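Both complexes shown next keep chain A, but they swap its partner, so chain B is in the first and chain C is in the second.
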Partner chain A sequence: MGDLIYLYGLIPTEETTEQSFPSFKGFDGEREIYTLSFGSTTAIVCQLNAEEYSEENIKEKINDDMEWLQEKAFHHHETVVAFSKMYTVVPLKFCTIYKNEESLMNTVQTNQDKLNSAFSLLAGNEEWNLKIYCDDSLLKDQVSKSNPAIEEKRAQISELPKGRQFFEKKKLDKLIDSELEEEKTRISEKIHFQLKEFVLQGNVKRNWSKDVTGKDENMTWNSVYLIPKSDVEPFLEKIQQYEKDMKETGWQFAASGPWPAYHFSSFS
Partner chain B sequence: MSTVRETIENKDIGLIDILDVILDKGVALKADLVISIAGVDLVYLDLRVLIASVESLVQAKEGNRTINSADFDQQREALIDATGQPNKWQD
Partner chain C sequence: MQQVNPTSGKINLDPDNAEHGLAQLVLTVIELLRQIVERHAIRRVEGGTLSDVEIENLGEALMNLEEKMEELKEIFGLDAEDLNIDLGPLGSLL
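Moving on to the complex of A and B:
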């Protein structure tokens, strides 16, 4: 059996003539990364031993060998990041492996049109991630004090007999919680739309639970943006301004990037 | 003075952030002969399990997760106390 081809990303061939290709070690830590040109698209690849990196072996490693997954995930990420600094890269998913050069070539050629439009969308732009966190207790206090519906309910309860008050207060707590969630979404959405002024595209992702983030505060927003390079600085300054203005009310902002454009180059 | 960009760019990105992106996103160019690791979606969905294994990996590296028999006995006694069960393990 011949060697397999691990594909990191695809770049426009025209960009490869502008600078020499850097030397990096491949997925197995031994063989070098190199390029394969198929017309207007060039693939960034390395070779892998077909037995060692069979589908079963890789699946087993991903499921059972955290140390391996950690090492290889960082390798994939760092490699794609390094190339993203030099070229317009359409990044591939982790462990995209072809049986041989021909199968890769056929796939690239079949998708040539889609790749060309991906390249023109991504050229000169960067992907950035924003996560917003909120200290619920601080905001809850605020919601509880400043919401007219809650205020009115509270006044009504104070006039009830003691026994009824207990149950009505429980109901009121529930109302405060749902108002709190709405308030969090409302504020986050407003920020998202204000940030869209700086960006070409913005996608909302799933929030992570506290188990995942390991933070005391709840994640209230998780989004990715495709931003023209020249607008990245004002975009980040805007986030910094939110952070400054909203810190005391329990809000936190975490921007990260530039990421390879994973969220803006997928086509199906 | 450094820009906001430079400050953020130099921050370390965590494993979870990377896995969240590279396992779930990016182009999936499928052909007859491609090996695509579809199973990784399972890993993604069960991110919590994954984190637990990362944590145990970190702890194992720190080398302070060995339980000795004295600790074990102590925990057993505490449990017996708490549950009010008769001690079957009287030595």
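Moving on to the complex of A and C:
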């Protein structure tokens, strides 16, 4: 059985002639990463031993060997990031492996049109991520105080007998919670809309739970943007301005990037 | 008092500190039952089948129960997050 081909990413062939290809160790830590050109697209690949890296073995490692997974996922990410700094890269997901050069070539050739449009979309642009966090208790206070209907309801409740107050307060808490969620979405959507001025495309992603973020504040917004390089600075300045203006009301902003453009290139 | 495994959503049954883990487990079960009773009571009140006196008595009892629960959480150094244990793919308990 011949060697397998591990695919990191795809780049426009014309960009490979502009600079020499750097020397990096591949997925097995031994063999070098190299390129395979298929017309206008060039693949960044390395070879893997077919037995050691069979589908079964990799599945087993991913499920049972956290240390291996961490090391290899880190290697994949670092490699794709390094190449993204040099070329227009359509990044591939972790552990994208082809049986041989021929099967990779077939996939590339079948998707050539898609790849060409991905290259022209990504060239000269960067992917950035924005996560917005909110201290619910601070915002809840504001929502509850600035809403006359809630204030009026609170005054009415204070005149009720104790037992009845309990139920009415629970109802009011529920109302405040739903107002809070609406307010968080409204503010985040407004920011997302305003940031679109600087970006080519913006996508909203699912929020992460506190277990994942490790933060005390809830994540209220998670989005990715494809931004022309020249607009990255004003984009970040705008976010800094939000942070400055909204810090006291419990809002936090975390922009990160540039990332390999996973969210704006659908090749897989 | 030392806080038991704060905000992790997991029960800490460390052999050297078993009483804390046990308190967290017991309070988690009580809090779950308390919330079930509370939700059921709210449904009955909203259903309109209870008299004013019954609503008043039920409300006061639930209020006292809630206050007691807060006291117990304070005594054992636990907060609401500690009682909301992680049930893996099922999500959080409360």
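Structure notes:
Here is the rule we use: the second predicted complex is superposed on the first by the 266 of 268 C-alpha atoms of A that agree within 3 Å, B and C clash if a C-alpha of one lies under 4 Å from a C-alpha of the other, contacts with A are read in each partner's own complex, and residues count from 1 in each chain.
In this text, a residue touches a chain if its C-beta (ideal position, glycine included) is under 8 Å from a C-beta of that chain, and two chains touch if they have at least 3 such contacts.
Quick caveat, the model's predicted, so the values are computed rather than measured.
By the touch criterion stated above, A:107 is placed in contact with chain B alone, chain C being left untouched.
In the superposition on chain A, contact of A:175 is made with neither chain B nor chain C.
With both structures placed on the common chain, the touch criterion links A:99 to chain B but leaves chain C unconnected.
In the superposition on chain A, A:200 contacts neither chain B nor chain C. Of the two partner chains, neither chain B nor chain C is touched by A:82. Of the two partners, chain B and chain C, it is B that touches more residues of chain A. Within the superposed three-chain model, A:138 lies out of touch with both chain B and chain C [touch as defined at top]. Applying the stated contact rule after C-alpha superposition, one finds that A:157 touches neither chain B nor chain C. When the two complexes are overlaid on their common chain A, residue A:167 makes contact with chain C while staying clear of chain B. Of the two partner chains placed by the overlay, only chain B lies in contact with A:90; chain C stays clear of it. The contact surfaces that chain B and chain C form on chain A in the two complexes overlap at residues 211.
Here chain B touches chain A in the complex through residues 3-5, 8-9, 11, 13, 15-23, 25-37, 39-40, 42-43, 47-48, 50-51, 53-54, 57, going by the rule given at the top. Partner chain A is touched in their complex by these residues of chain C: 7, 9, 38, 41-42, 45, 52, 55-63, 66, 86. Within the complex, the chain A residues that touch chain C are 161-167, 170-171, 210-211, 216.
Of all residues in chain A, only 4, 7, 10, 55, 58-59, 62-63, 66-67, 69-70, 73-74, 76-77, 90-100, 103, 106-108, 110-111, 118, 129, 208-209, 211-212, 232-233, 236-237, 239-240, 255-260, 262-263, 265-268 touch chain B in the complex they form.
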